[in-house]
Amino acid sequence: MRHLLEPTNLTIEEIDQIMEQALDIIAHREKYADACKGKKLATLFYEPSTRTRLSFTAAMMELGGNVLGFSDANSSSVSKGETIADTIRVVSCFADIVAMRHPKEGAPLIAKRFSGIPVINAGDGGHNHPTQTLTDMLTIRRELGHFDHLTIGLCGDLKYGRTVHSLIKAMSRYEGNRFVLISPRELKLPSYMIDEMKTSGIPYVEYDSIEKAMPELDVLYMTRVQQERFSDKAEYERLKLAFILDEEKMKYGKENMIVLHPLPRVGEITEGVDNDPRAAYFRQVENGKFVRMSLIYTLLKWRSEEDNIKERQLMKDTEGKKCDNPHCITTKEPLAQEFYIDTKGIKRCNYCDHEI
Amino acid sequence: MRHLLEPTNLTIEEIDQIMEQALDIIAHREKYADACKGKKLATLFYEPSTRTRLSFTAAMMELGGNVLGFSDANSSSVSKGETIADTIRVVSCFADIVAMRHPKEGAPLIAKRFSGIPVINAGDGGHNHPTQTLTDMLTIRRELGHFDHLTIGLCGDLKYGRTVHSLIKAMSRYEGNRFVLISPRELKLPSYMIDEMKTSGIPYVEYDSIEKAMPELDVLYMTRVQQERFSDKAEYERLKLAFILDEEKMKYGKENMIVLHPLPRVGEITEGVDNDPRAAYFRQVENGKFVRMSLIYTLLKWRSEEDNIKERQLMKDTEGKKCDNPHCITTKEPLAQEFYIDTKGIKRCNYCDHEI
Amino acid sequence: MRHLLEPTNLTIEEIDQIMEQALDIIAHREKYADACKGKKLATLFYEPSTRTRLSFTAAMMELGGNVLGFSDANSSSVSKGETIADTIRVVSCFADIVAMRHPKEGAPLIAKRFSGIPVINAGDGGHNHPTQTLTDMLTIRRELGHFDHLTIGLCGDLKYGRTVHSLIKAMSRYEGNRFVLISPRELKLPSYMIDEMKTSGIPYVEYDSIEKAMPELDVLYMTRVQQERFSDKAEYERLKLAFILDEEKMKYGKENMIVLHPLPRVGEITEGVDNDPRAAYFRQVENGKFVRMSLIYTLLKWRSEEDNIKERQLMKDTEGKKCDNPHCITTKEPLAQEFYIDTKGIKRCNYCDHEI
């Protein structure tokens, strides 16, 4: 049985398949109106995320299916003292597929191990948010027609922004792509990701303002810069203007470039940009619904088929080591620790990818 | 595209159309069982209102449609830092029609401006609650058969009761109606509404107890009197009995008069009245569902048609004036101020109708 | 009209009917896929219980029906100052059947009196939880094939565990059953229940550890032992091991015995037991869904039929007595007190069964 826990769970061929399926759904809506009739999606949101939850809900409804679940673990009894392992076994009796949002990193991986139904990670802490990445990709595909030979600018909080990390990983798999990193010094891309790009020979360049980067870009991916990230508020005030996109800066962009944003925005794109045809962020929202339709439909179709993905070579901890990432689910649920060796020979936690 | 933001958004002819549609739905339930199949209603409740939310939900389900949304902004991420303008554009990708409840006055008007789908105001602060007014009207229509030449008593909190204000405005448009205002001095109808009735030549009379008014009434519209409204608690205790409807007072009423209440009640109608056939407040609840079915059905039908309503003559503020109503949505979202001149030549905020 | 407020509301014949209906649903799922099309279940959860709510929701959806309601009265306006009597009359306009969870004992009985639609008690305080009992019974029926001549062990908190009390009452009605009570001294079955078993000649035996009881059992019903129940924490630590089921203790059990648990568990069954084929607690979860499908389907079928159950002989209080159970709903809603005389001649509150 197949799940979606992180974007690179899927091969390039499988991503193609999800994209083609999404395009077919967009082109033939009525054909899919009852495609999941009698099926149920469980939305298990241990922390609120209304936008993502509504996108999943709308997707399942447009496939003719039903949706049940909870939108906040605080007003729910599920989390009280019960392990995710037990919860997912219970929910497997009530639904055909699960979308799970959890504040702890790696939680969906535990769910997967005990689940009788496909699990979709709808965001685990600051770790992964693969359906956002698929959303970004479908938007690039629909707006620009292809995934290769693109100059992709990423602007704002590149340090903590998980959607940025996932998009780089996903788009690095295609030929000829080049990344333009636009951020204040405090919020630069983590060095391990820079190292990975160097090792793999992925071209990138770093800028400290949108204006300089603008003329080169095919895609400008905007993200929030949160004031809280800065120790020096004056520094923040001085810097933020360089990372706000407005009509003036749009003038420097190519005619057929596109602006993306995972939303919600809180000021980093001015309202004046909204009417520019290159502003694709509201179309991106609708693509989020379509790609989730495609994903739900495809995972249910694959369900009866054999799980033919090779799992990582896992090692149980033999030296009593524990993952020391305080946000990892293994700090909360007493599980056998599992580690793997990554491509650079570094030992990582299997749940949250944290270096041990 | 048509929306419903306040009761007088609809012409008398359109209200007639909504009523006739409701009566047809009541008479031929099965005909409408799949009328909205494949359509989705988004219930965006920024503050909880279970009764109204369930009424909308039941209405959409009985039309064969689906419902998604949230029931409380606190346990939702939608409101966090995102403007209503952005939220409604996102939700327009997920649903076909929206019912919005918001604590700030004028919020649905902002939603309407940016929405790709019809917006129904399900209550904005103390401002408007038009589907309650349509509910009251359908009940009068079904119980009494017509909207004209009625003596309509309104009892309780006439100062803050938005359902009372809306009902007076709506019923003033029909010929021969007369209003009987029954309230303690502290909770009298606001003077601007009294002035409007005087100017328009609408007959009204004021009483300080139900008992005196009872024999004249065709409709008695009861509302809650909240203790909190009184600075003098002893005064409250002394007065409240005169505004509680009981079996004894029902004896003074005409045989075919009706008692309405927007519910929930908290003591202002005793349980003994419930079995009186003139007590129409529980039938009113069901009418609320039917009129919402009619409204959803009609707005979706009108959607593709041209918006042929003349908008108010609006003026952007040129003198730097701002609406100073602390409950107005413009205090929260940085919007261009908009004002209009009302029929008496007074300049009002376009969002909350507050006098400038 | 029939409701389900406590397990013994149903005769043995009616329970048989619910069980047979459940088995038919399990055997012919597709036959029931649209059985409740156009019907609506209202889930009124005045306190959160995600597991129970999702079970009801899944059940109604698998019958082709719709679900609406609320999952927490705190984030709902329903409870604010409104009586259950009024709420249920309102909800009767929006739904065809109700599942109600309420922290106050007897609340569903009030709902029933004013309801226009069948009411299912989904748990009222520590009082009754009849759909859990039906779940337990369907599991016994499917796993063991019959309800009689069984040795049924009940382990853990027998003092406060309402599911234990209900199961004893329900299974006592069948011939040849024998109960094995396994609990620490602090958490023994209440003496009134022991007395009832003695009076009715139901055989039982008491043990202070699972190990001793294990070889005799056909059913082992596990429940949580909450640390809070013990005044002496050291005593708790000393005792708890005897009431934790692990692989070692399973060795003493018969080959075709079964282990049940109402879930969630918090440590009283170790994970090692999960893979034992006699561990039936996750199959029990699915049976919970099936028995709720059967119950909803059957109650709606019975709805139009006459209510042919004899009600208890009730007496209105004539001596000004009140129920003094602080958890009884009559402490919150000002109702006529109602009492009845039980089989032992004791006067009890009709709402919560508390002795007066």
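Just so it is clear, A, B and C label the chains in written order, and each chain counts residues from 1 on its own.
Simple rule for what comes next: a contact is a pair of C-beta atoms (placed from the backbone, for glycine too) under 8 Å apart; a residue touches a chain by one contact, two chains touch by 3 or more.
Owing to the predicted nature of the structure, the values given are computational and were not obtained by experimental measurement.
If you draw each protein chain as a dot and join the dots that touch, every dot ends up joined to every other dot.
Of all residue numbers used at the contact between chain A and chain B, under half are used by both chains, marking a mostly different-residue interface. Overlaying chain B on chain C by C-alpha atoms takes a rotation of 120 degrees, rounded in steps of 5. Inter-chain centre distance (chain A to chain B, centres taken as mean C-alpha positions): 42 Å. Annotation for chain A: residues touching 2 or more other chains are 75. On chain B, the positions that touch chain C within their shared complex are 33, 48-51, 54-55, 57-58, 61-62, 67, 71-72, 74-75, 263-266, 271, 282, 285-286, 288-289. Residue ranges on chain A touching chain C, taken from their complex, read 38, 40, 42, 66, 68-70, 75-78, 80-82, 85-87, 89-91, 93-95.
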